[in-house]
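The structures come next, written out as structure tokens.
Shared between the two complexes below is chain A, which has chain B as its partner in the first and chain C in the second.
Let's turn to the complex of A and B:
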């Protein structure tokens, strides 16, 4: 294994002095033909890439007015500069959101503003040349599209949209990112990010049913492709594969069992994640999301429930309806879609579930808000529900809960360091450093309050922290899901069904 | 494409050193890959690799880690049927490091 330079955890989150170019070397693996072609992208960098790239930018400016506004209105006030976890962790000024966005803004100015066309040097306009493209490939893959900077921008510039636009342009000229394109291609081919074929998925779910029966004595089912079930449950495929993800999957299953609500998982739509968003492609996002809408109809379900996956919830909550809606074939009495936390919390409030909090007494829990849930969606009927509902669920299942520094949670939450399509090992150095602000806040509550469980509602956060926290000396089993706590506390068979 | 030489043969790998052609795998190749990962292969390491290969043969995917821990627990004793033991064997993670030595493709997704 490679040795990584793991920063010391400071007492408090500090704004570092600039160290230009510290991350200039770290670009992800480029994509190749077999991953690019299934997505409709050129197999390799096209000959007239400059022309094509500039043209693509022009067409996007027409299509997305927001992009043009974001490129025009930045006044370089600097409010975003120290808000990015990657800047705080790497000290590289190109990771200040304003500077990263300027890599695209310079090209926009050069070709699409009068001043930039005639006096580029005066307005910071730059040619779209190889050097610029290299910087794009490097630094637009050092943004996790977490949108924390946007919270602090007085103009509300959404830097994630700029990153998405740059990635979309690069894909259009055949300069793709291996990790994300390989995964999207796999979703089209097999149905999920991991590439789990139906027989393996079936075997895995049966294994889990046996496992739950052995440990609890209850016949909790994890049904696959059942037509006519009430609910189609769409978890991230990591829930079928990794620790601690599986524990949350078992938690969802126990909730359905105890509430007496029939549900099914689909082998076709066996993935909530939608990396189409990470690569900025509307077409891919729509195509990936379509499987789920089609399966909901084919399986004749009444409700759609999404598992613990951060960006999937953004896509589901904010985009599904416009991508593949309307969902008028679902039962209008329920939110479409519904987050698993809201689903469970509603049942708990109705008295359909009983929790034994003492089952989690070994834990002092804190919650890490996932970027895409916190800043790009809601949950339940009330504003802020995306913060309150998971917390209410944790409090219902645990006796000991504490919050981290308020500057690092809720809408100001720090990214885990692996979001936005960056959860790939060649970017490990970036992932370690990008986790530093979150690790700093976490370490403090571990030391002060004895926190030993970091509750999460995102598959990427779970995978990233499981890998990175041990490098900072924090045990791997500190990481877990909200429904893992539910799974521990839920009383099976105590009383069944909705009252 | 990256590659390595072993006993006069060339083996293609991806950027992270995972074998491209699954049929290229053999015990000496696994031994070579283990050395690259600084893993000294014991019988218990081989049990993991063998199980991964058998499972992959049937399902065309690596097993969920829980299936692996249970299988190892059955073979090597209950005290070894847990994630911690697998990480003791393969500090780089059973899903990634052990798969590499077993000649399986690198798992993709949120793992």
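Let's turn to the complex of A and C:
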């Protein structure tokens, strides 16, 4: 492992003074032909990239109200400046949301506003030149699209929208990001982000069934491609692959088993994640989402349930209905789609599940709200259900639960540092520093309250924290899913089926 | 001449402002992107926008100093504008006749708020970094308007009777012209010119935040994607 500069964990989250250029060196690996072509992007940087990029920006202004309004109305008040985990962790001024957005706004002003055409210096307009493009590639890949800045902006300017737009423009001129384009290409080819083919998936599920039978004595099924099941379960593919993700998958399976609801996983739609969002492309988002809707129809299921994955839940909850056409083939009595936490919580409230809290007595738990769930979606009928429902599940399955600093949870939650398509090793330095605010709040409850379990509902958070927390001296097994706690506490066979 | 100029300035302002709002209203919103937790009803969204516009709710959460300074400025500006009705309406409704003292205090508060915003921009390294010359100049322009206004009240009084006569007849192509006999009269001409300049740059600047906020998708959308299907207008499928 390379040597990384891991910051000291401070007592409290501090707003640093600016240190220009600290992260200027850290651009991600550029994409190559093999990953760009399948997505319909130019194989390499096109010759007339300046013209094309400027033109693309113009066409996007006519397609996205968010972009047009956000580029116009920022007053540079700076309320967002100290809200970004990447700025707090890196001190690089280009990681202040307003400065990040300005990298695009400068170009917008130069070519699409009167002031920028006639007096660029006055209004901070800049040419779309190589230097600007380099900055775009660097700093638009240092934003995890977490939307924390949009909570505090007096006009709701959402830097995620700006970042997505900039990435879409760069893709259109052949300047792509390897990690995200490679993954999208893999989804189209194999069906999931990790490239797990059907035989391997089948093997994994069978192994898990045996494992659960051995440890619990109950024949809990993890069915694959079963036509006519009631529910299509769409987890993030990491749930099939690695710890601690897989523990949550076992949790989902036990819930279905105990409630007596038939379900299936699909080998074609074996991935809830939708990296189309990270590269900003509506078309890719739609293409990736469609294969799930098509599987739901092919397998003739009545309900769609999404596993523990943050941005996937945003896409599923907020976008699927738009992207996939009406869900008129699903059972209208249930929300379409449903989050696994909503699903389990409903069953628990109906009395279909029994939990033994003592099974989790070794843990003192705290909850990290994932950004896309917290600030871009909902669970249940009421605003804020995305905070209450996972917490209700934790409280139902654990005796010891504490909250972190209220400035760092719920809609003010800090990103894990690995979201938005940045969960790649070449950005490790950024990921470590971006995790600092969350680590600071976590460390405090670990020291004060003996917290030893960080409950998550996002595959990216899980992958990021298992890698980064140990660098801060926090054990890897502190990290786990909400359904891991469910899995530990659920009483199999005690009561079966919905009352 | 003065009438022509007034028409030109107001024309640029209203047509420019209206054009921007038209662009904002016509730009499609392909996906639902409210910053959540968000209201789940249209009425709730109206409440959210009301709180943003009247109380600067999000800014209050984000930056207390910026909130105090900008609230002082915007609130005081509203009072000052109401007070200015007396210069355009004849006869003046009784309600406004007793408004003088509030208006003058508000004038002071307005310049104070602007001064705070200016200082904050200079002193806080983060805000200084993101400031363009135009960000300072807009503040200076507003301060100029406030200071010339206050100076006419406290230092050099212009010929207010003639000025009011000119202003109430501004749009009727009368042959009246502004008085220029005293230092106060000159101040008034400066005050009026700065206001004209402000109106002219308004549609081309960040001042569009005044209208733009109502079109911000993260604030004006209802959080109901599962209940009501949102259709992307430029998506091929229906």
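Here is the rule we use: the second predicted complex is superposed on the first by the 499 of 499 C-alpha atoms of A that agree within 3 Å, B and C clash if a C-alpha of one lies under 4 Å from a C-alpha of the other, contacts with A are read in each partner's own complex, and residues count from 1 in each chain.
By definition in this document, a residue touches a chain if its C-beta (ideal position, glycine included) is under 8 Å from a C-beta of that chain, and two chains touch if they have at least 3 such contacts.
Keep in mind it's a predicted model, so treat the numbers as computed, not measured.
**Q** Chain B versus chain C on the shared chain A, clash or fit?
**A** Superposition check on chain A shows chain B and chain C fit without a clash.
**Q** Of chain B and chain C, which one touches more residues of chain A?
**A** Answer, by number of touched residues of chain A: C.
**Q** Taking the superposition as given, does A:151 touch the first partner, chain B, the second, chain C, both, or neither?
**A** Once the two structures are laid over each other on A, A:151 reaches chain C alone.
**Q** Could you look at A:454 and tell me whether it touches chain B, chain C, both or neither (first, second, both, neither)?
**A** neither
**Q** Thinking of the overlay built on chain A, is A:114 touched by chain B (first), by chain C (second), by both, or by neither?
**A** Second partner only, chain C.
**Q** Identify the partner contact of A:182: answer first if only chain B is touched, second if only chain C is, both if each is, neither if none is.
**A** first
**Q** For A:200, select first, second, both or neither according to whether it touches chain B, chain C, the two together, or no partner.
**A** A:200: touches chain B, not chain C.
**Q** Between chain B and chain C, whom does A:293 touch in the aligned arrangement: first, second, both, or neither?
**A** After superposing on A, A:293 lies clear of both chain B and chain C.
**Q** Is A:162 contacted by the first partner chain B, the second partner chain C, both or neither?
**A** Neither partner.
**Q** So, does A:236 touch the first partner chain B, the second partner chain C, both, or neither?
**A** first
**Q** Could you grab the smallest C-alpha gap between chain B and chain C in the overlay, to the nearest Å?
**A** Chain B and chain C, overlaid via chain A, are at closest 24 Å apart by C-alpha.
**Q** Please output the residues of chain C touching chain A within their complex, sorted ascending.
**A** The contact residues of chain C facing chain A are 20, 23-24, 27-33, 35-40, 52, 56, 58-59, 61-63, 66, 70, 124-127, 129-135, 137, 204-206, 208-209, 212-213, 215-219, 223, 225-226, 229-232, 234-235, 237-238.
**Q** Enumerate the contact residues on chain A facing chain B in the complex.
**A** By the definition above, chain A touches chain B via 1, 29, 178-179, 182-183, 186, 192-197, 199-200, 203-204, 207-208, 211, 236-238, 240-243, 245-246, 273, 309, 423, 425-426, 459-460, 462-463, 467, 476.
**Q** Please output the residues of chain B touching chain A within their complex, sorted ascending.
**A** 15-16, 37-38, 59-67, 70, 83, 87, 91-93, 95-97, 107-111
**Q** Sort out for me which residues of chain A touch chain C in the complex.
**A** 17-18, 61-66, 68-70, 72-83, 93, 96, 98-99, 102, 113-115, 121-124, 147, 150-158, 161, 282, 286, 317-319, 321-322, 325-326, 335-337, 374-378, 381-384, 386-387, 411
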